[in-house]
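Each of the next two complexes has chain A plus one more chain, namely chain B in the first and chain C in the second.
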Partner chain A sequence: MDFVAVLAIEFLGSIAILVLISIGLAVVFGMMKVINMAHGEFLMLGGYVAIYGTNWAGLNFWVSSLVVAPLVVGAVGMGLEWLVVRHLYGRMIDTMLATWGISLALVGAMTMLVGNTTQGLSTPLPSLQIGAYSASGYVLYLIVLAGLVVALLYALFKRTTFGLLARATTQNADMVAALGGNPRRIYASTFGLGAALAGLGGAALAPMTGVIPTIGASYIAKAFITVISGGGAVIAGNLSASVLYGVVSQVFTYLYTPVIGQVALLVAAMVLIRFLPKGITGRFFKRSI
Partner chain B sequence: MTMTRRHVLGAFGAAGLSTLASPLLAKTRPITISALYDLSGGLEVYGQPIVDTLKFAVAQQNEKGGLLGREIDLKVYDPQSNMQLYSQFARQAALADAPDVVFAGITSSSREVVRPILRQFNRLYFYANQYEGGVCDRNMFATGVTPGQTVDKLVEYSLRNFGKKVYIVAADYNYGQIVADWVRKYTQQGGGEVLEVEFFPLDVTDFKTSISKIQSARPDYVWSALVGGAHISFYRQWQAAGMHGKIPLSSTTFAGGNEHVVLTPEECNGFMVCQNYLQELATPENARFVEAFHKMYGADYPYITELGMGAYQGFLLWAAAVEKAGSAERMPVIEALETGLSLAAPSGQVTIDPQTHHTIMDVHIARVENGGLIPVQTFAQQAPVDTAVSCNLREHPGDTQQYVVKF
Partner chain C sequence: MTKQQYPVLALVAVFGLAMALPAQMQLYTVYEATVYLVMAILALSLAFIWGKGGIMCLGQSAFFGLGAYAYAVAALNFGPGVVACLAAVALPALGAALLGYFMFYGRISDIYVGVITLAVTLILFNLMNSTSGPHYHIGQARLGGFNGITGIPTLAWPDGTPLSPAALFRLTAGLLVAVLAALGLYLRSPAGKLALAVRENEHRAELLGYNVALSKLSTFAIGGAVAGLAGGLFANWGAFVSPTVFALLQSAQIIIWVIVGGRGTLVGPILGCIALQWATTQLGTQQVVQVNLVLGVVLSAFVLLVPAGLLPSLGKWVRPLRAARAQGGPLAAAGPQRSARHEGGSGHDA
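== the complex of A and B ==
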C-alpha cells in the first residue's frame, strides 16, 4: 500500500513536470501559432534566475522561483517579441528559424555570463515518510504547483478581459482591431505570458536537476511533443497530453529502464500523431480552452 | 629555407625577441601538446579541472625552461561532450598542430573515438582518466586508475562495513556497463549479492522511479557509477527522497567531477569513494603542489580532482621520458616510458608498467566530508591487475584491443 502511494506520487510528479515544461510553449503555440524554439532557453533562464536569486542575491527560494523568475523571463520574452517575433507573425517557418537563432544566442550569452558548469540548488523541502518508504517532498510541491498554474491560467483565459481578448485575437485579429482592441499589445503580452510560464517552470525544476546553459535542449523535445499532441486547446490539450505521456513513460521506466521509458514516450507520440494529426483536442474536448 | 627565414627574423625581430623571457626558447619550434577535453556540454565538470591542471603543468615546466631547451605549447580543443567533434578535432589536432603528444578524452566512448585516429597518424596518446581498464595499445599510456586498483578495494570495504546486498546504478555506455560487471565480479568473489543493475543515459536527470525501486529492493548499500553533470541530480533527489544516511553509497566516480563540492554537505557527507589522489593527502610533494596550484588559480579553487591529477602525473611522466630520451619523437619517448619510468608525484610514487602501459600507484579509500575527502585507508603501489590479465605489450606490441571482463 505504501508503495502504491509512492508510485502514485511519482506518476503525478512526472505529469506535473511535463505540464511545467510545456505549458508556456502551449500558450505561445496554441494561441499565436508561433513555433518558439527558444522555449527551452526560457526554461534555462528561469532556472538561473532562481539559482542566482537564491544563492547570490540572498532571496528566499520561493520568492526567487515563484516571483522573480517569471517576471524576469517574461520581460525577456516581451523584449524579444518586440525585437524579433512581432515582425514575423503569420510566417510560421520564419518564426521557427528566428526563435532558433534566439535560442542559440541565449545559450551563448549565458555561457559567457555564468560559465558552462552545472549549477544547482539544494532541494528546499524535506522528504516525506510514507510507511516504510520515503518520497521527495519537493515532487509533491511540483504537483501542487502544476495544478495551481493550470487553474490560474484557466481562470485568466475564462474570467478576465485579457483572456477574452486573447482568445478572440487568436480567432480573428482583424475583428478585434475593428472592435477597438489592440492585437499588437495582446500578442506581446501573450508571448510574455508564455515566457513567464517557462521561467516559472524552469525555476521550479532547477533544484531537481541543476542548470547548465545547454539544458534547454533536453526539455525542448518533450515540450514540443506534449504541445503538438495536445492540439489546439491550450489547457485541455496540454493536460491530456501530459497525463498520457507521463503515465506511459513512468510505466515503462518502472517496468524496464529509463531508456525504455523514453522510447515508449516517443513511440506513443508517433502513434498518436498518426491517428490524431490535429492532436488530442482536435478530436476530443473540442470546445475547451 | 627555415635557416634563411630564421636569419631574416633574427635581423628584423631582434627587438621583439629580446622582450621574451628566454630568446633561446623562441628560436626552436616549440614542443606541442594537443589537449581535447570537454569544456562544455555536460561533461565539463570533469574537463575543466583537467585542463586547468594541464595548463598549470605546462606553465610550471616552461618556467623551468621548457623541455630540452624548447618551450612547450599547449593547444586546447573543446569537443563539447560530442563524439563527432572528438573525431573531427582529433584529426584536426593530429594534422594541423603536429603535436608531440596528445592528452585527450574523458569518457571511454571519447577515448575509443580518439585512439584509432591518433594511432593512424602516429601521435603519442595519453589517456589520463580513471576508466574500466583493458585497453592494450602501445601508442597509448593510461595514467588513471582501473577497477582492479580501486573497485575491488571499495567493494571489499563496503561488503565488510555495510552488508552483502548491493544495488548498482550506472551510466549507460561502455564505462558504466563494464564497471558494473567488475562490481558484480568482486561482489560475488566477496560472497555478496547484486540485487539489480540500472543504467542511465548521460542526459537523464529524473531518478524518482529508480529511487523508489531501490527502496523496495532494500539493499545494504548502493554502488554508483553515474557520470557527468546530469547525473548529479541522482544524489540531490536521493537526499530529497530522504534516502541519504539511510542506505550508504559507494562510488569510484563520485567526486571525480567535484560532485562533493557542487552538492551541499547534507547531500553527500558519508559517501565512500576510492581514488588515486585526494587533495588532502599529507605528503610534502602534495603540499608543495597544492600551494603552487593555488598560487596560480587562487586559494578558493574548488578542488583538485583525481582526473586533474591523472593529467598532471601523465604530463610529468611524459616530460621525464622526453628528457630521458633526449627527444620528443614518438618512438624514443615510448621506449623511455617502457623502461618502467617512475617518479614521485603529489599522489605518491607513480610508475609506468611496461607490460600494459598503465600506471602503478597508490589508492585511497576516503569518506566525503564537508566538501573534502577524508582518507580512511591507503593501499600502496597497486598494479593494474585487471588489464595485466589479458594485455602484454612486451610480447604483442601490435595489440590494439580493449579486453573486457568475462564471467
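== the complex of A and C ==
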C-alpha cells in the first residue's frame, strides 16, 4: 500500500513537471498559433530569477519563485514580443525562426552575465516518510502547484473578460477588432502570460535541477512534444498529453533508465502524431479549452 | 556560349581553384579551411531539403551527427575506408527515410515537421550523452558518452597510408562540388521538378496525381544522406566526435547559414556558411561578446529585415540594373514591384 502511494506520487510528479514546463508554450501556441522557440530560455530565466531572488536579494523562496519570477519573465516576454514577434504574426515559420534567434541570444547574454556554471538552490521542503518508503515533499508541492496553475488558467479563460476576448481572438481576430476589441493588445498579453507561466515553471523546477544558461535545451523537447501532441485546445490538450507522456516516460524510466524513458516518450509521440496529426484535441475533446 | 553552360563552367573553375589552393596555404589554414568546406556540405543539405523541397527541417544536425557517429563506429570496426564512408551516408539516409515516413505519410504540417525534427535531435543528444561506461560499445568502438569517441582513424588510401591534410582538403572540396552538381542535375530531372512543384503547391501536385508523400520522403532522405556525408567527413577531420554534433546550437547554425545565404538557392547557403564560420572563428578570439548572442541577433535580424537572404536579395537589386542597361536606359528598369518570389522559382538552379 505504501509502495503504491509512493509510486502514485512519482507518476503524478512526472505529469506535473510536464504540465509546468509546457503550459506556457501551450497557451502561446493554442491562442496565437505561434511556436515560441525561446520558451526553454524563459524557463531558464525564471530559474535564475528564483535563485538570485533567494540567494542574493534575500527574498523568501516562495515569494521569488511564485511572484517575482513570473512577473520578471512575463515582462521580458512582452518586451521581446514588442521588439520582434509582433512584426511576424501570420508568418508561422518566420516567427519560429525569429524566436529561435531570441533563444540563442538569451543563452549568450546569460552566459556573459552569470557564467557557465550550474547554480543551485536548496530544496525548501523536507522529504516525507510513507511507511517504509520516503517521497520527496517538493514533488508533492509541484503536483499541487501544477493543479493550481491549471485551475486558475481555466478560470481565467472561462470567467474573465480577458479570457473571453482571448478565445474570441483565437477564432476570428478581425471580428474582434470590428467589435471594438484590440487583438494586438490581446496577443501581447497572451504572449506575456505564456512567458510568465514559463517563468513560474522554471522557478519551480530550479531547486530540483539547478540552473545553467543552456538548461532550456533540456526542457524544450518535452515541452514541444507535449504541446504538439495536445493539439489546439490549451488546457485539455496539455493535460491529456502530459498524462499520456508522463505515464509512458515514468513506466520506462522505472523499468530501464531515464534515457530509455525519454526515448519511449519520443517514440510514443511519433506514433501518436502519425495517427492523430492534429493532436489529441484535434480528434477528441474538441470543444474544450 | 549558352546560358546553361555558365554553372558548369563555374563549377569547373571552383574545382580547379580548390585543387590548386592547398599548395599555396599554410598547413593550419588548410586544416581550418577543410572544416569550412565540410560545413558547407552540411549547409547544402539543408539548402536542398528546405530551400528546394520546402520541408522545414529544424534538426538537420540529427543526420549530421548520425553520419559522424556511423563513420566513427565503422572506421573503428572495419578500418577507415569505403565501408566507413558508405555507413556515414547510408545510416542517416535510412534514419531520414524512417522519420520522413512517420511525418509525410502522417500528413503533418510544416510547423510540426520543424518541431519533431528538432525534438529528435535533442533526444539523440541526450541519448548519446548517457552512453558513458564500458558496456556501451558497438564492436570495437566505445561510445564514450559525454566525452565522445576519440582516436577515429583518418581516411586512408587502399595501401593503408592516411590522407595528408592537403589531400583531405582536395577530397572535401571535390565532394562539395560533386554534391552541388549532383543536386543541380537531380533538380532538373522529373523527380527534382516534382520536388520543386511540391514546394510551390502541394495540393496541386497531389491533384495532378503525383505521390507527394513519396516525393517529400525522397527529398528528405537525399538531404539526410548529404548531411551524413558531411558528418562522416567531420568525424574524419577531427578524429573525434562527441554528442555536441547533435546540440541545439549546431542545428541553429545550419538554419542561420541558410537564412543568411538565401533560401531557395543552393549556392547562397554555401557562401553564408563559409562567411559566418569565418566570422564565428574571429569572434571566438575575443572574450567580450558571446558567439551565441551574436548568432541569435543575426538570425532574428535576418528573419525580420532580409527574409530572402543575401544572395537572392543581391540578385533582386542587381537584375533591374542589368535589365536597364540592356534596354538602353534607367527608365526602362523592371521596377521594384517584380516579385522576388517569381524570380526565386526555378531560376536559381545552381
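Rule of thumb we're sticking to: the second predicted complex is superposed on the first by the 289 of 289 C-alpha atoms of A that agree within 3 Å, B and C clash if a C-alpha of one lies under 4 Å from a C-alpha of the other, contacts with A are read in each partner's own complex, and residues count from 1 in each chain.
Rule of thumb we're sticking to: a contact is a pair of C-beta atoms (placed from the backbone, for glycine too) under 8 Å apart; a residue touches a chain by one contact, two chains touch by 3 or more.
Fair warning: this is a prediction, and the values are worked out from it, not measured in the lab.
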Let's test your reading of the overlay: on chain A, do chain B and chain C clash or fit side by side? clash
When the two structures are overlaid on chain A, which partner does A:Ala69 contact: first (chain B), second (chain C), both, or neither? neither
Between chain B (first) and chain C (second), which does A:Leu104 come into contact with in this model arrangement: first, second, both, or neither? second
Using the superposition on chain A described above, determine whether A:Ile51 touches chain B (first), chain C (second), both, or neither. neither
Looking at the overlay, does A:Ala203 come into contact with chain B only (first), chain C only (second), both, or neither? neither
Quick one: classify A:Met92 as touching chain B (first), chain C (second), both or neither. second
Thinking of the overlay built on chain A, is A:Thr257 touched by chain B (first), by chain C (second), by both, or by neither? both
For A:Val176, decide between first (touching chain B), second (touching chain C), both and neither. neither
Looking at A:Ser218 after the superposition, I want to know if it touches chain B, chain C, both of them or none. Which is it: first, second, both, neither? both
Which of the two partners, first being chain B and second being chain C, lies in contact with A:Ile35: first, second, both, or neither? second
Have a look at 38-46, 56-64, 110-118 or 236-244 and say which bit of chain B overlaps chain C after the superposition. 110-118
Just which bits of chain A does chain B share with chain C as contact spots? 111, 214, 218, 257-259, 262
Which residues, counting only chain B, touch chain A once they are in their complex? 39-42, 44-45, 48, 172, 198-201, 203-206, 208-213, 215-216, 229-230, 232-233, 236-237, 239-243, 246, 262-264, 266-267
Chain A to chain C touching residues, read off their complex: 35, 84, 87-88, 92-94, 96-98, 100-109, 111-112, 214, 217-218, 220-221, 224-225, 228, 257-259, 262-263, 266, 269-271, 273-275, 277
Note which residues of chain A are touching chain B in the complex, please. 3, 6-7, 10, 13-14, 17, 111, 116-120, 122-123, 125-129, 132-139, 207-210, 212-214, 218, 250, 253-254, 257-259, 261-262
Listed in rising order, the residues of chain C that touch chain A in the complex are 56, 58, 99, 102-103, 105-112, 114-116, 118-120, 122-123, 125-127, 130, 247-249, 252, 255, 259, 289-301, 303-304, 307
